[in-house]
């Protein structure tokens, strides 16, 4: 029984991180129909920013998180402007290849500058002199705060309204006076900021970080986004927790070696059985 | 005997009835027009006839054989060829390749014969090259044979699509708004071409158009649909004076 | 008929000449064992990249898991040649065929259900499948040696054998695309709905094309196993699929000759930057991004470089210039 409860706690922990990353994938996909492969690297960069702030300035979690979010938001917007914006009208496969290139570029740039070996994330305080309580609780609480914040932005603000309008129909949104480019930039910024949160929490949870750390959680979070229905925000949240639960339970009760095979197996099954995911609607190609 | 017969054909997308109770009979050699306002369900009917969509109810017979439930490529074999409203050519291939691909179902050599260039390969390949060129020359396009399809002017692209459909040797040819995007002169020429095709290939033609005036001139019989239902059938003259049709077109 | 024979003759001659050139350079000691290794791995990469180009460039289906198919072929061949003892060439050929079949079979397993998906979704599924294969190899340690790898595979192939297989693969692909089956596959890339509307059984040809693609990737894997003599799952990670994909994109999706040129060029680059793997990947990445932004159809686009056609084209161009010149004078 204790083991079961432990598994539940673990899956909430990793599930919230997946959910945060999945949100970034899903928001970007929803608005520009692009699988942003570089999103996993945003997570890595977020973790690195956090690491340097912690080591150099001995910063505590909350300000460190905020700075890392701001940093990643800016990087996310730059990536969009430099690499993706010129390809908005190009075939989708071109943009996808560019995203792959961006992912390679970022991870290898960090490997080149900071080396391939693991860095140890130092112990940090929560804020000021208050020591860090249980990291799992912090992870889950922060994740829920982010989600509530995101939900608020999307449903209650002008920006959120613009984001929804653009993802529905870019041309129409433009005609309604929405600045499409700016809206896309903001989407990248928010998605990347959430990725930064995930990165810092991931690094603290596992105690270390390295330039390729974003790849695997990135891929799994992508699976989560697809599971929930890519482009659908609540879907990403549910999908993230679902993948967290599945992974943890396969590790705990079946075999830790096969957990990754399971996660990718789920992706394949979902895409074959219901490509639009749990929350998605079916769309048929017009002939 | 009728070449194509549909009985109470209907399809629903989700809760929306796109086509309902669609029954027609087309005799061999006929040139029939299917008309109706935009969004009336014309293309949806084509998609059911060619197996792209599976009808929710009713049945389709060609030469007395039931075809619903069959895959599009099987239906081609049974003798239905089609073109598309928004031209769908193999844009990055040459004109002649576009036509050659359409002979696929008449060819029989296997991969092994193809790879080792056995005599049968050359025999069949040479045969379809000749046939494709013949077909193109009927449309005055033999000089375009080596051009990329995407580089053709619009009118020729439409013609090439018809050419490609004819290469499948259909008994029934479905043309989906062949005159879309053409000027009056081009349209007139096209209508003459369609007449010519029907006589030359002894093919039955079912033509979609939303512009009534166009089809009046060339079709012997018209079927008018609106909101997925047949509202009138008859000769162009009968249709012209039909109250329901006028209403549908002018709005009530 | 005569012209056909002449065309084949030219290509055959070119193959023989390039082989002789390779040999001459080697006998003169210009190529040592190390460089030979580089050449062989470049050729193997080209074989697998060509296989990927069949799926992506000719069939038009985004595939990001070819490292997985290559892995299946490599481990199949490796385990086979470790287990049996037949005369050298018979064993080698059997191993390659088995490698191809095993990879082709895994291509069918994922292809039959997944080829209904389009574009990026298919890309992700193949990516996931590639990773599943790798983790499965790691987990089946009793058979495959797990993460530490499969060791002591007998050396069965060298430069000659790899060269011959490469030539066979290239020849096969060229003959294939000029047959009705190849045309059917290309028509699916161009417009799937139109292809179906003229009687191409598209589902069949998608699966068929994917099978051929996976088969050749498996053969490439088999060569790799029997040349390298040890295998680790690490080699076949997602990044390697991406590297293969980069070769295809650089050369032009749909251009087999483009893949060959790009494969040679990137092998050269890899060699120059051998000690700086991350710098190499950074350069790849930047090139990839710039290429997509400025010339998204790669080096050759969908065109092929042809020994038969190119002189004719040059001649035509030359004549045109001459004509214009004459007109200018007149």
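When the chains are written out, they are named A, B and C in that same order, and each has its own residue count from 1.
In this text, a residue touches a chain if its C-beta (ideal position, glycine included) is under 8 Å from a C-beta of that chain, and two chains touch if they have at least 3 such contacts.
It should be emphasised that the depicted structure is a prediction, and the values quoted were computed from it without experimental measurement.
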Taking each chain's C-alpha mean as its centre, the one farthest from subunit B
A
Indicate, using Cα centroids, the chain positioned nearest the centre of all protein chains shown.
C
Express in whole angstrom the distance between the two chain centres, defined as the mean CA positions of subunit B and subunit C.
39
Taking each chain's centre as the mean position of its Cα atoms, how many Å separate subunit A from subunit C?
34
Length of the line joining the C-alpha centres of subunit A and subunit B, rounded to whole Å:
48
In subunit A, what residues contact two or more other chains?
287
Mark out which residues of subunit C touch at least two other chains, giving numbers and ranges.
193
Which positions in subunit B are in touch with at least two other chains?
52, 84
Give the list of subunit C residues in touch with subunit B in this complex.
172, 175-176, 179-184, 186-187, 190-191, 193-203, 254, 302
Subunit A residues touching subunit C in their complex are 35, 83, 86-87, 90-98, 100-105, 108-109, 111-112, 116, 215, 219, 222-223, 226, 255, 257-258, 260-261, 264-265, 267-268, 271-272, 275, 285, 287
Name, in rising order, each residue of subunit B that touches subunit C in their complex.
50, 52, 71-73, 76-77, 81-82, 84, 88-93, 97, 100-105, 107, 109, 111, 114-117, 121, 124, 164-165, 167-168
Residues of subunit C defined as touching subunit A within the complex:
62, 110, 113-114, 116-117, 119-121, 123-125, 127-129, 131-132, 135-136, 138-139, 193, 238-239, 242, 245, 249, 276, 278-279, 281-282, 284-286, 288-289, 292-293, 296
